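Just so it is clear, A, B, C and D label the chains in written order, and each chain counts residues from 1 on its own.
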Amino acid sequence: MGNFRRVPVGIVGASGYGGVQLVRLLMEHPEVELVYLGGESSAGKSFGDLYPHLAHLVNLPIEAVDPEVMAHRCEVVFLSLPNGLACQIAPQLLEKGCKVLDLSADYRFSNLATYTSWYGQERSDRTAAATAVYGLPELYRDRISEAQLVGCPGCYPTASLLALSPLLKQGLIVPETAIIDAKSGTSGGGRQAKVNLLLAEADNSLAAYGVVRHRHTPEIEQICSELAGHEVTVQFTPHLIPMVRGILATVYATLRDPGLARDDLITIYNAFYRNSPWVKVCQSGVYPQTKWACGSNLCFIGVEVDPRTGRVIVMSAIDNLIKGQAGQAIQCMNLMLGWEETLGLPKLGFYP
Amino acid sequence: MGNFRRVPVGIVGASGYGGVQLVRLLMEHPEVELVYLGGESSAGKSFGDLYPHLAHLVNLPIEAVDPEVMAHRCEVVFLSLPNGLACQIAPQLLEKGCKVLDLSADYRFSNLATYTSWYGQERSDRTAAATAVYGLPELYRDRISEAQLVGCPGCYPTASLLALSPLLKQGLIVPETAIIDAKSGTSGGGRQAKVNLLLAEADNSLAAYGVVRHRHTPEIEQICSELAGHEVTVQFTPHLIPMVRGILATVYATLRDPGLARDDLITIYNAFYRNSPWVKVCQSGVYPQTKWACGSNLCFIGVEVDPRTGRVIVMSAIDNLIKGQAGQAIQCMNLMLGWEETLGLPKLGFYP
Amino acid sequence: MGNFRRVPVGIVGASGYGGVQLVRLLMEHPEVELVYLGGESSAGKSFGDLYPHLAHLVNLPIEAVDPEVMAHRCEVVFLSLPNGLACQIAPQLLEKGCKVLDLSADYRFSNLATYTSWYGQERSDRTAAATAVYGLPELYRDRISEAQLVGCPGCYPTASLLALSPLLKQGLIVPETAIIDAKSGTSGGGRQAKVNLLLAEADNSLAAYGVVRHRHTPEIEQICSELAGHEVTVQFTPHLIPMVRGILATVYATLRDPGLARDDLITIYNAFYRNSPWVKVCQSGVYPQTKWACGSNLCFIGVEVDPRTGRVIVMSAIDNLIKGQAGQAIQCMNLMLGWEETLGLPKLGFYP
Amino acid sequence: MGNFRRVPVGIVGASGYGGVQLVRLLMEHPEVELVYLGGESSAGKSFGDLYPHLAHLVNLPIEAVDPEVMAHRCEVVFLSLPNGLACQIAPQLLEKGCKVLDLSADYRFSNLATYTSWYGQERSDRTAAATAVYGLPELYRDRISEAQLVGCPGCYPTASLLALSPLLKQGLIVPETAIIDAKSGTSGGGRQAKVNLLLAEADNSLAAYGVVRHRHTPEIEQICSELAGHEVTVQFTPHLIPMVRGILATVYATLRDPGLARDDLITIYNAFYRNSPWVKVCQSGVYPQTKWACGSNLCFIGVEVDPRTGRVIVMSAIDNLIKGQAGQAIQCMNLMLGWEETLGLPKLGFYP
């Protein structure tokens, strides 16, 4: 293979669940080499201090965050940080020619006023923000291919939008009737010591949270509006489920044409996603289980119609840490570097 | 206490989860004595053979089902059997003067055609069915007090109807916009050896099932229609959650008056349930967790309004085996025997 | 009921899992009244702020800890605090005539040097410590009945000692061969926000911890030595199990008489515990499950003999928060106040 | 890569958890091609009927079991069947020149009398049995490389023997003091509908089973005896843990030389496994968690010494379905075909 050279990539914020998934997946990727790990609170430690079971495979140090150094060593940088930090680092990385994939909310919004209103933070990096592309390849494959900065979607928006997009794009539903009842494992809350995420609290229990005000709402609405061609408001309710990984979004909407049958819609979904290798539409009468998606970058979609109520019910299942986070970012990177969308990403999961 | 005499009660179908909860709760009840356990498949065994850890407390034999014998020994009989069996036993028990509480679907429907259409079974016990009362005390307290035969609600309808009733009764919502997204622990599937209920399959996974065709739908619609004063169709979607016990129903509906605020609705809910000791309406901004209800006969209700969409979101949490099954049956029995509704039922649960 | 008066009791440290179980169980106890809740970090809040789902049942304030006030209002005080705090409060309570039950390690050791060596803390309350009785009723029923101060056992020592005591007391095993392999749910770690107790970390995982140095070791050895009549060293290894509640101790020891059969030993166990209503010895060939004990104050014990190796294997299962903590403390209180040992304690648990 | 040809392999018994792991791992293996799936109960179905979420990746039919056909199409055959079936198929496959890896107990015993005594089955395939090699590469790497028939170890023996081997091989412990307290997730019970494996039964519970008589005992003893150079009897106790995957074996034994320190032993373990890429010995004071191993073919080993008791405690963690089953079989296949032991096997797992 002669003078083959892997693309050098770095991760800032490698200590959280998003970070450890990025490390795991990038280590398996045939065309990149992980050369840099950065972090604030963990700087000075090695990755193996944080995750002893990976010490034999990944022995990089966690370095203090220095965009200059990163840009010098990396062609691609993944930012996996709390909201409000990426926007302080990305502009410098872009200027130095890096390609940047941000996993936080910072570059998801085309309208910064929306960001400020929901995330309570003013922003000064308008230039960078203006060039950012929303990293959902199934909708924005072409734009991502040409982007230098990608704002990767949240886990809930990924599941929600993959369920809703064919309906909105084709004008099959009344957009304002869309209700997304979403359920997530607790790893979505990150590797943070919070009482409500303790096993003793969260196991064998179930509750909604962030009702009518979860920050993923405007992100979902932004893309729905773009697909519908007008401003769309949706109902989004997340729930915490006693499991580690996985999201199921159960989406309800009223069909414009109550005569549409389940199989018609399955045909439409299959057509919509025919070039999307990571989306699998279930056969008629089959509803996806999150376990099917766990460990893979796949999204499974099931479609049902209720002729009694005139509604379509769409269920989408993903692994919140892969298709909902790290895997999708790598899928975007693949596009940005001109590679196959599927390169280096897991498709077989880890059932059971 | 002189010539105090406890009321003799019996259970048919004591081997399942509903049965074992009835046994446990009736053993703790101060005014009844459990004198009879019946079953088909377990007849000849003792209760302790089925549940060794309860053998020291409950040493009754499981007897073959004989209505004559039951009626001779019991004043009250609980039927905890698969659908379609209670209707073959209840008429004889009633004739002999027993009070009967059926936990199956057999006596939940005022219109037997609905039963036949959803449960696929013709019925000949029209007289018994005509006298049956739907056993949801929060709605039908008075009728239950005078009933000889009570058809106890399903677990999902209990959670769903307690969430929806105040809204429908007061005409606050557009009934046909009601969507019930319900989530249940796997004990709702009973103590049956099914592959999909194995820990290795169901743990760390999540899926919808019975979408648009679950048999609890017509039961919910029957009561909603009665409350609304006209025929109501609802959307009901159950999900299997990786936990043992608990149901959360997340209910969505469009408000007739979009100006109604969350606190207005909480006031209305508190008023509606002011004489219902087993329903607790959460304070403003608090959403119920199923763990709060587990082990008790309580239903916790949280109410939220989305001024952006004009919808109300109501969340109700119960223990599916207590308020959703055995506890509610005993609550009904208390009413039928003229006792306090709370008598002998657990209110403190078993958190964590 | 005329001049009936319930005994006023108080709890210091009501916000943790031990505290909330004490509250729950004391609320159900027919002869006491919970009149005082104390705490440092939660002082000024009400109990319902900490546990919203119990607010309608327990509306006491959490008061700053003041022994004077406590002694004035309570006849019995439960101390449920981190190690090293009870010894600063108990002496004053005792002086004022209170009966005191401490759930920490402070009053478990007859030899304070052992305490200091394993807990790293010097102590000045030698008088109080000298009067304290170890609160394991199955072994020290009589002493507890006459005690004013009881040091309640740890959760692991309870399970371990109930398994080992008949063997040691009767000299049936070689004491130094005793190995205790113990497994606990994560609620044993308390309601503390620690990363290793997060559901995402602890679920679907399993590990030993504190190997060869867990602080419950000297406590187990102290009682084993007393039973054996000479100094005994045991091997104790705790494990963290992905479940909320329950402890299983699997105990191995070499029989002095390799001819002893399983059924001989079961007879001996039954005899040893014939006056202990909270211990249930399983029938031949039956091994206890922690679920059987959950929610009750029971300890289930299974006994097996391996004729190939000459070892006895004893398995004991308890609910770590009840028989392993709050329930056992109340069992001791019952004895201290001259009541039935079983009074007010749950015996039916909450299976499944 | 010109005329590169992948080695054709087949699986009999592809519908269980062992089978689905084999499918998953063989699909990812760079040098083999999965060309045949066989089964009895599932014959006529396709693999995608059993596992809908893998239908897009594996669309092979499940064929009736016919050794003639298999041998014609496959160079290597994996048998993943209930005990007692492989020995009816393997001889024919061997005769036709296939390499065979059996995952059942049929070819694990060098002494068929032991097999018959513990598995209750007479055997006629003495020739095949005599040539079978025990498939634990860390001990029998060379023999496996030259074998045509490998009897792959059970999941418990794998974890137990990797923990014990260095101690026995070097004569560091008194063999008859060895006690193995093992804990397994419920997937070890297979994909069978059994009441005790239901989530509602097994979750939040814990128990030992097969005490003093589990069938993995003689298998462990056979290898221990070989390592020790004389007949060894061990104590083996398995426990069912409320999790899907993973085994932790906690092994106790008395050191011959009580002066040996933990770090001495860690050095010895590292030396023993220096050529074993799938075994990782933890640093001093670190104990393995099963989650670390899950999804990978790794075994993590932690070592501790108790100077107070003179015992060594060794903890080993594996994924029961990978290193404990399918992964180990593929590791053996790699050796049999002259490939790197690590080829195509996952080393990064799927934490969290």
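We take it that a contact is a pair of C-beta atoms (placed from the backbone, for glycine too) under 8 Å apart; a residue touches a chain by one contact, two chains touch by 3 or more.
No experiment lies behind these values; they were computed from the predicted model shown.
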Looking at C-alpha means, what's the farthest chain from chain B?
D
Centroid distance [mean C-alpha coordinates] between chain D and chain B, Å
46
Please work out the Cα centroid separation of chain A and chain B, and write it as a whole number of Å.
39
If you average the CA atoms of chain B and of chain C, how many Å lie between those two points?
36
Hunt down the residues of chain B that sit against at least two other chains at once, touch-wise.
17, 185, 187, 191, 200-201, 203-204, 242-245, 288-289, 294, 352
Topology of the chain contact graph, where touching chains are joined (line, ring, star, complete, other)
complete
In the complex of these two chains, what residues of chain C are touching chain D?
176, 179, 181, 183, 185, 200-201, 203-209, 211-212, 233-235, 237, 239, 241-246, 248, 250, 252, 287-291, 294, 302, 304-306, 308-309, 311, 313, 315, 317, 352
In the complex, go through chain C and note every residue touching chain B.
17, 20, 24, 27-28, 51-54, 56-57, 187, 191, 203-204, 244-245, 280, 282-283, 286, 288-289, 292-295, 298, 300, 347-352
Over in the complex, which chain D residues touch chain B? Could you list them?
17, 185-187, 189, 191-195, 197-204, 242-244
